[in-house]
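Okay, got some structures for you below.
Two complexes, one shared chain (chain A), two partners (chain B, chain C).
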Partner chain A sequence: MEYLQHLLIMVMIYACLTVSLDLNIGHAGILSFGHASFYGIGAYTTAILTVYAGLDWFTAMVLAFAMGAFIAVLIGLPTLRLGGDYFILALFGFSLIVTSLIINMEWLTNGPFGIRGVPRPSIGSYQVQSGYGMLGFIAIMTAFIFFVHWRFASSPMKAALHAIRDDESVAMSLGINVVRTKIIVFALGGGFAALCGAMGAFYFRFVSADGYGLQTIILLWAMLFVGGNCSLLGAFVGPAVLMLFPELFRFIGGQGWDIGHIQEALYGLLLILLMMFRPQGLVGNKVGLRA
Partner chain B sequence: MTAVLDVSGISKRFGGLAAVDNASFTVEEHTITSLIGPNGAGKTTAFNIVSGFLKPDSGTVTFAGQPIEGREPHDIYRLGMARTFQDPRVFQEMTVLDNVMVGVRQKGEAPFWAIMRGAKVNAQWKAARERAERILEDVGLLARAKEEASALSFGEQRFLSIARALVGEPRIVLLDEPTVGLDRSTFGKLVELMKNLVTKERKTILLIEHNMDVVMSISDKVVLMMQGTTVASGTPAEVRGHRSMVEAYLGKRHVAASQ
Partner chain C sequence: MLLLQLFIDGLASGALYALTAVGFAIIYNGTRILHMAHGAVFTAGGYALYIAVKLLHLPMPVAVIVALASAAAFGVLIDLLVYRPLRARKSSEAALFIGSIGALTLCQAVFALIFTTDTLYLRQGPLPLYDIGEISLTIMHIIAAAIVIVVFPILHLFLTRTKYGRAIRALADNPKLSVVRGVNVERLYMLIFAIGSLLAGFAVSLIAYDLGVRPEMGFPVMFVSLVAVIVGGVGYLPGAAAGAFLLGLLQNLSLWQLSGRWQDVVVFGALLIFLLFRPAGLFGHMLSTRRV
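Let's look at the complex of A and B:
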């Protein structure tokens, strides 16, 4: 049961990361290669504020969101004017800097050892423990984040974002402040990724510099495209498939089999087949990626 | 008649080339003004300066009494000036109705109001939809409102791009060669639409147009551009007889021959 709870929690955290990445990539055409960094910034902000500064979990979580959004604005102001491919490279550079800072700013981040002892959330006298309590907490956060993204995608905001994604000049000619809108959306993406980082920190009670680099960025992009762009359901299906698929292989094979390499190869094959036969994603309705 | 748009002495160089060189013209309210001239005369560059897509090196653009040269396109739109492009450039994957609704600026686009909604936001949204539907009816596309824009023919996409420019209720609309590539019947519909916009909807139109039959039949005023400069301006009859007009469209030899 605990194993299943763990899988569910991980799928939900990644679904929240994917839906906020979709707001950037799918809806606004902002090809964010920095999403994993904002996730890390949120996790570290939460850990530092609770463990070192002694703030309560809720304040720390709100400030983690604010920190993610604030850094996204700082990074977005100079880079969002760049074309799609240059923007990807600039954000990749940003993600390298973030990982390097986390490892080297030992006075703040405890360097490669990470920060232990992040408290679990509590409401009044009720302290969330592991197991069902944590599952409930993550489920409530996920419901909140999906609700917000559903509101975005079912409001006039959606048409304005899609206009920017498809033709910036036409969007400008129709009165849309393209630069400001892109910065706001990028900040929202950074804020929600940081919120996911807070959720992860509360769950693991531990943050470390691993897991916010290139591998996570690529995993998040893969989750988005496997599930499908501009789709709330897709943002759930993508992470579910990519997280549960490798787990299935744990139960095949016998003693002495070296399942690890076969597992990776099958995983790669799944991605290739999906992109060949369903480029729009499993439940998405738009084809591929535009830059 | 008062000039709603006053373009005075604008210039724009690209490297060594003067694309627009000291051009001036005015557009009077509730009229159709056509900007004509040979290819490369600087008509589209002038359009881009007026609509904010290019900043002029010198000169002023005054719209409804305010200087607008060098302001951002989205600001200028909000002051009541809309434009189309030479290609329809509709949003292919959006529905026809959504394409038009992109032209409506409203409170509900801000993330905070997108989440919170409330009566005012919803009412604005509903009004936007109704206005978009009314304009689609005017251009004859209401029956196709729910289809993807990519399903429309080229001519229909042109009408859609004009509807999209009209939905924000602009005072003046800048149309860049709207009749290019249209067949005879849609061509007639477009001319009719432009006439109605001015007479019934009390709009003002600034038009770039190559078809002289259209120019001469619907314009209240014609402005002739050559090599970046406005060389003649007046009623269609006045400009037709102008020496520069003959030179522009028939060549200098004909001017000499006719004298």
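Let's look at the complex of A and C:
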């Protein structure tokens, strides 16, 4: 039962991350190949503020969101003007630098050892414990993040974003401020990813430098494209399929083989096959980024 | 004299980056695919060398030829199995990029399943050193220099003097016009992938012999090469080589003041600075179109 709770929580955290990535890739066509870094920035901000600075969980979480959005603006201002491939590369460079800084700035991040003892959230006198309490907390956060995205999907901003994604020059000729709109949505994506980092930090009570690099980036992209972009349902289906599929595999029995590598091989194969046969994802519709 | 030694080391690693970077640039300019799986091709060459040397007990020159051929074949295979079907359904560049990421992930995982994640060594002990004055060279420095001096002029002659070389340049310059002029694009793509991957094969043969083979060894080298292509200026092959030497020097010279763990920051800091202040790269101003 505990394991099932863990799986559910993981699926929800990844669903929130996927939806924040979808905001960039699916709706705005911003191929953010460094999204995992904002997740890491959120997790570390939360851990540093609660463990070292002694702030309460809610302030820390809000500041984590702000930090993610702020750094996204900082990195987005110069790079969002770049063309597709350059942007992908710049963002990946950014993510390598973030990982390197986390490992090397020991005075702030405790280096490769990570930070332990992130407190669990508490509401009034109620202290959230592991198990159902944590499941409920993550579920409420997930509902909140999905609600915000659902509201977003019916806002005029979405139309502007889709116009930019489909044809930047046309969007510009329609009087849309392309760079400003992109920076806003990039900041929101970064902020929400950082919020997921805070959720992860509260759940694991521990943050460490690995887990925000290339593997996580690829995992997030795989989750987004398996589910299908521009789809809230897809943002749930992708993580659910990719998290639960390996469990199925464990069930059938693959002893002696390294589960992690089989998992990665499957992700890779899945990405290739999806692009060939179902580029809109399993449940996505065709309004998303044309893949 | 530490600085001079670091300078020599920087040139040697720059030479290796130059081989992968020029290979990457040929593929990128010719096909416009951000070929992340170039890293997997690189690693495949390394494992081919390992198999040839350790399992088949071939003599070294033959083993290197096997590795080169395997790398070239692997590159062509990725084009045939991944990129060609995607092109056939007129996929966007984003889809090709995702397919490429998929191929990279799949290959790395399969290498890890077959060969484990341990480093497989092709030789034991330190390499013999040749002391010249106060600097010391290994055989790797010398071979790297020799390969670059031999391979790049041959590549240049091929691209400028032969029918197929000219076709590759034409395709990079203007794909639509090349098709009109009767270039068989799909066949040319195979040639482009073969040549680009062959160059990676040279680099990996040296690195694998020197440092051994690991499943994820290709990725960092591939990524530095990609940065070199941008820093040098997309569309200009000597630019890619120059960018590679610049990054090799930068990486090694930075060791003079910073510890090795800051190397990622140095390389990608350079990339970000270039992207901000000179996105056209070192030689980008010299041309208005992309050329091989």
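One rule holds in what follows: the second predicted complex is superposed on the first by the 263 of 291 C-alpha atoms of A that agree within 3 Å, B and C clash if a C-alpha of one lies under 4 Å from a C-alpha of the other, contacts with A are read in each partner's own complex, and residues count from 1 in each chain.
The working rule: a contact is a pair of C-beta atoms (placed from the backbone, for glycine too) under 8 Å apart; a residue touches a chain by one contact, two chains touch by 3 or more.
Since this is a predicted model, take the numbers as computed values, not measurements.
Colleague: One more residue to check, A:272. First (chain B), second (chain C), both or neither?
Modeller: In the superposition, A:272 touches chain C alone.
Colleague: Between chain B (first) and chain C (second), which does A:166 come into contact with in this model arrangement: first, second, both, or neither?
Modeller: first
Colleague: In the overlay, answer first, second, both or neither for which of chain B and chain C A:233 touches.
Modeller: A:233 sits against neither chain B nor chain C.
Colleague: So, does A:123 touch the first partner chain B, the second partner chain C, both, or neither?
Modeller: neither
Colleague: In the superposed arrangement, which partner chain does A:176 touch: chain B (first), chain C (second), both, or neither?
Modeller: first
Colleague: So in the superposed three-chain picture, is A:105 touching just chain B, just chain C, both, or none of them (first/second/both/neither)?
Modeller: Neither partner.
Colleague: For A:152, select first, second, both or neither according to whether it touches chain B, chain C, the two together, or no partner.
Modeller: Once the two structures are laid over each other on A, A:152 reaches chain B alone.
Colleague: Examine A:248 and indicate which partner it touches, taking first as chain B and second as chain C; both and neither are also allowed.
Modeller: Neither: A:248 stays clear of chain B and chain C.
Colleague: What residues on chain A touch chain B, complex-wise?
Modeller: 148, 151-152, 155-157, 159-160, 162-163, 166-167, 169-178, 184-185, 188, 286
Colleague: In the complex formed with chain A, which residues of chain B make contact?
Modeller: The contact residues of chain B facing chain A are 51-53, 72-74, 77-78, 82-83, 85, 89, 91-94, 98, 101-106, 108-111, 113-115, 117, 125, 128, 164-165, 168.
Colleague: Applying the document's contact rule, which stretches of chain A touch chain C when the two form their complex?
Modeller: Listed in rising order, the residues of chain A that touch chain C are 29, 31, 78-79, 82, 84-86, 88-90, 92-94, 96-97, 99-101, 103-104, 214, 218, 221, 225, 257-258, 261-265, 267-272, 275-276, 279, 289-291.
Colleague: Touching chain A in the complex: which residues of chain C?
Modeller: It comes out as residues 34, 82, 85-86, 89, 91-99, 101-110, 112-113, 219, 223, 226-227, 230, 261-262, 264-265, 267-269, 271-272, 275-276, 279.
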